[in-house]
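Multiple structures are listed underneath, in structure tokens.
In the two complexes that follow, chain A is the common piece, with chain B as its partner first and chain C second.
Let's turn to the complex of A and B:
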């Protein structure tokens, strides 16, 4: 396998050709916040959290950027931090922040990201968009879906497609109204529950937990 | 779906090759003929393009142009452009929702009324205004809203 040398945060790193910057960083113990990346899936690049600086101040999503010889990557810089923080704040403004009562608390990527950026839930509360709670979707016999917690990363949708070869989960609607819908009787859900296992937050929860 | 409608739908589909990229043109044409995209229609379209119904629904629900339920006989449109908004469109909407028992974007189950909002229909001088099918009613108040639907108590 062809090797590629690059620099991440001042460290000299050797990666395999074809790897992405995010994979390389994670493999070398450098954490870059990410929500929509999953090692088994094609990077969709929708959450924009994995932004890094390449060369002179160009921001790119590291999950979709392939490593190149001599690349200089900064995973932290004033510019990266500013943009990333804004994205996280926007996500939280439209996210349930009752972490204490959430079964995913402790395993939640969003919590991890907030911790890494030193954003406290409490301080975020005033920024929250006051809107009505959306109802939970309990139509699946094995799991429930809470749109108030979904970050629309698309991992469950893609997982269903890849694992089952057909999907029973789809995005419906648009903008703030977007949510994931389960198309029960019209598809072939085999209750593999991979979507639940991979949801980075607490939006998909097995029925037995509650 | 009745036989006749199904025949029309199949006729529409016969003009296409069955490639996935044709989904949106098909949805547009089906809606132009039926007024909305029924579940049955979505099912047939999905089968024709070898995609799932979920995919069809996902796309159709993304574009505000596509309707998934039929329009009511009376289409009640509330303007919430800047002028109407300032002159109380939110209260007009609230009053209308109450009178019709519908939320914005909904159609009554008897298919009599559909309630929608738009960004402006160009009657700012009459703000705040409501349109029922083609008739515009200006300078509305929550009280006057009730008078517009006298048979609904």
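Let's turn to the complex of A and C:
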């Protein structure tokens, strides 16, 4: 395997050719916040949290960037921090805040990211909180979907499509109104619950928990 | 085609048609027949002249009399004026909005005399549904020269040397894109013309397709030969039925004449063009979303890093995507050469720019100007200034995600780089003029309302960020603004611009950022004093205390 030498946050790192910057960083114990990345799936690059600085101030999603010889990567710079913090705060302002009653509390990626960036709800920018509470989708026999907690990372949709070869989950709506929905034909769902297992937040919850 | 000396040209663009120009054309034909003038006078349908606000428009040749706001009752008089010894219909002449003096000739009207109509040269002068008319001017001369006298490499060199930059938004050098596409490995390649034109109020591309469809085809066929493609697609907005119809007619006539199909003009080169009607989402104009949309998938932009469309495009094949106007420049560059083209414009922005000039300006319409002209010349000389003696406040360029440029920058040259430096952009050529009665906070809210609705929703900063920014702006216009809102808008705007996945999100904050940059006092008046200086925001008091 061809080796590639690069620096991440000043550390000299050797990676295998073909790896992405995010994979390389994670493997070397450097945490880059991410929500839509999953090792078994194609990086969709939609959560924008894994943006890093490459060379001179260009921000690139590290999940899609392949390592290159001599690359200089900064995962934490004032520029990156500013943008990343704003994205996380936007997500939180748009998210349910009742962590205490959420079955995913403690295993939630969003909580982990907040902790890593020292973001607390109380000290956030004065954003406008989501006004209305959207109804849960309980039409699937095995699990429920809570749009108020969904970060639209797309992992469930891709998992259903790629890993299971079915497609019971899909995106509906546009822009701010985008949601995940279940196909009416429930027989398509193989109840493998892979989507639930991979949900980084508490948006897909097995029915038995409630 | 009978070569009749005298002509009456009746505009049949979408604007004039909505003013009743179709009926004018048929009555005029009937009248001419009734007067037994069919042998000596040709009544001709043309595309858009650009001065839609004055429509329906009728022009008589060879004199070049320009009649505006023509009604069915005027038809007999116009027909008779073309009789030997006939007199022009003076009451229909265009009148200078300031002096009220009649201006009889097309060429003397300031709206036209200050323009440089090259891309639009045939719009309004030829019958867009008659290929003979197009051939009688310079139609397909460029293609003939390209196929018979030039190699693909020579064509690409010519396009590169011309300095032509893409006119669909980003201003990417056309020649470099063509070269990348030619060099990309593979036998199967595609040419796509981006005619999605989703900007509200823009009609440049529509008018060109309606008025001179063959120039678009000619540019595309030449591109196909240069990059080595056999198939082209025109991605047209479904809301453009007339453009689609005229393109269909043009494609079938071009096939009959051997400009499309197998062995074009005996050169051995095969190429054909299909029309694809888009579903209408603004974001489908973005290159990767457009390609997905033609493939029958959901039109969602693809994130960087990724291969360029020129290398991996439609069905994974190298694909050349250019805007309508970019293609229309090609035949001219081939005929007249790159030096001729590069002589126009500025150092880094060559040629001309086409704008839809709208808003608070006396002359609204479609204009074409050399790059580097000042905003002042466009707004005051061509546009005739601000109506009602009001003061100019700002001009918004580049469509919904362009910025608002203030009066202090009126003498700025209009080109890709200057507009970007001012916080705005060339975009695909929208230009909205605003007068003193415009509230800049309200304007920012208006444009953000458009972009937030058109966000495809896949990435966080654009999906949630534009919504947050809109909510904040909405509150400010409702008198609910908070002291921290201006800084918040600036921070969010910067974050959305820097981190969004595609150019929609990356540019969406422009109207907010520029209005804060140039009109911060208006925001402060809304927030601190709960006043709307322009008196637009209903929930707030106006300076005169009228509300």
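Going forward, the second predicted complex is superposed on the first by the 200 of 210 C-alpha atoms of A that agree within 3 Å, B and C clash if a C-alpha of one lies under 4 Å from a C-alpha of the other, contacts with A are read in each partner's own complex, and residues count from 1 in each chain.
The rule is simple: a residue touches a chain if its C-beta (ideal position, glycine included) is under 8 Å from a C-beta of that chain, and two chains touch if they have at least 3 such contacts.
Only a predicted model underlies this, so the values are computations on that prediction, with no experimental measurement involved.
With both structures placed on the common chain, the touch criterion links A:87 to chain C but leaves chain B unconnected.
After overlaying the two complexes on the shared chain, residue contacts for A:72 are found with neither chain B nor chain C. Once chain A of one complex is fitted onto chain A of the other, the partner contacts of A:115 are absent, as it touches neither chain B nor chain C. Shared-chain residue A:181: touches chain B; no touch with chain C. Within the superposed three-chain model, A:173 lies in touch with chain B and with chain C [touch as defined at top].
Set side by side, chain B and chain C differ in how many residues of chain A they touch, and the one touching more is C. Look at A:14: by the touch rule set out above, it reaches neither chain B nor chain C. Touched by chain B in one complex and by chain C in the other are residues 171, 173-174 of chain A.
Interface residues of chain B facing chain A in the complex, by the touch rule stated above, are 52-55, 57-58, 61-64.
Taken together, the chain A residues at the contact with chain C in this complex read 44-49, 51, 59-61, 64-66, 79, 82-83, 86-87, 90-91, 93-94, 125-128, 151-152, 154, 171, 173-178. Of all the residues in chain C, the ones that touch chain A in their complex are 281, 298, 303-306, 452-461, 463-468, 471-472, 475, 482, 484, 488, 491-492, 494-495, 498-501.
Chain contact summary for the complex, chain A toward chain B: residues 166-174, 181, 183, 186-187.
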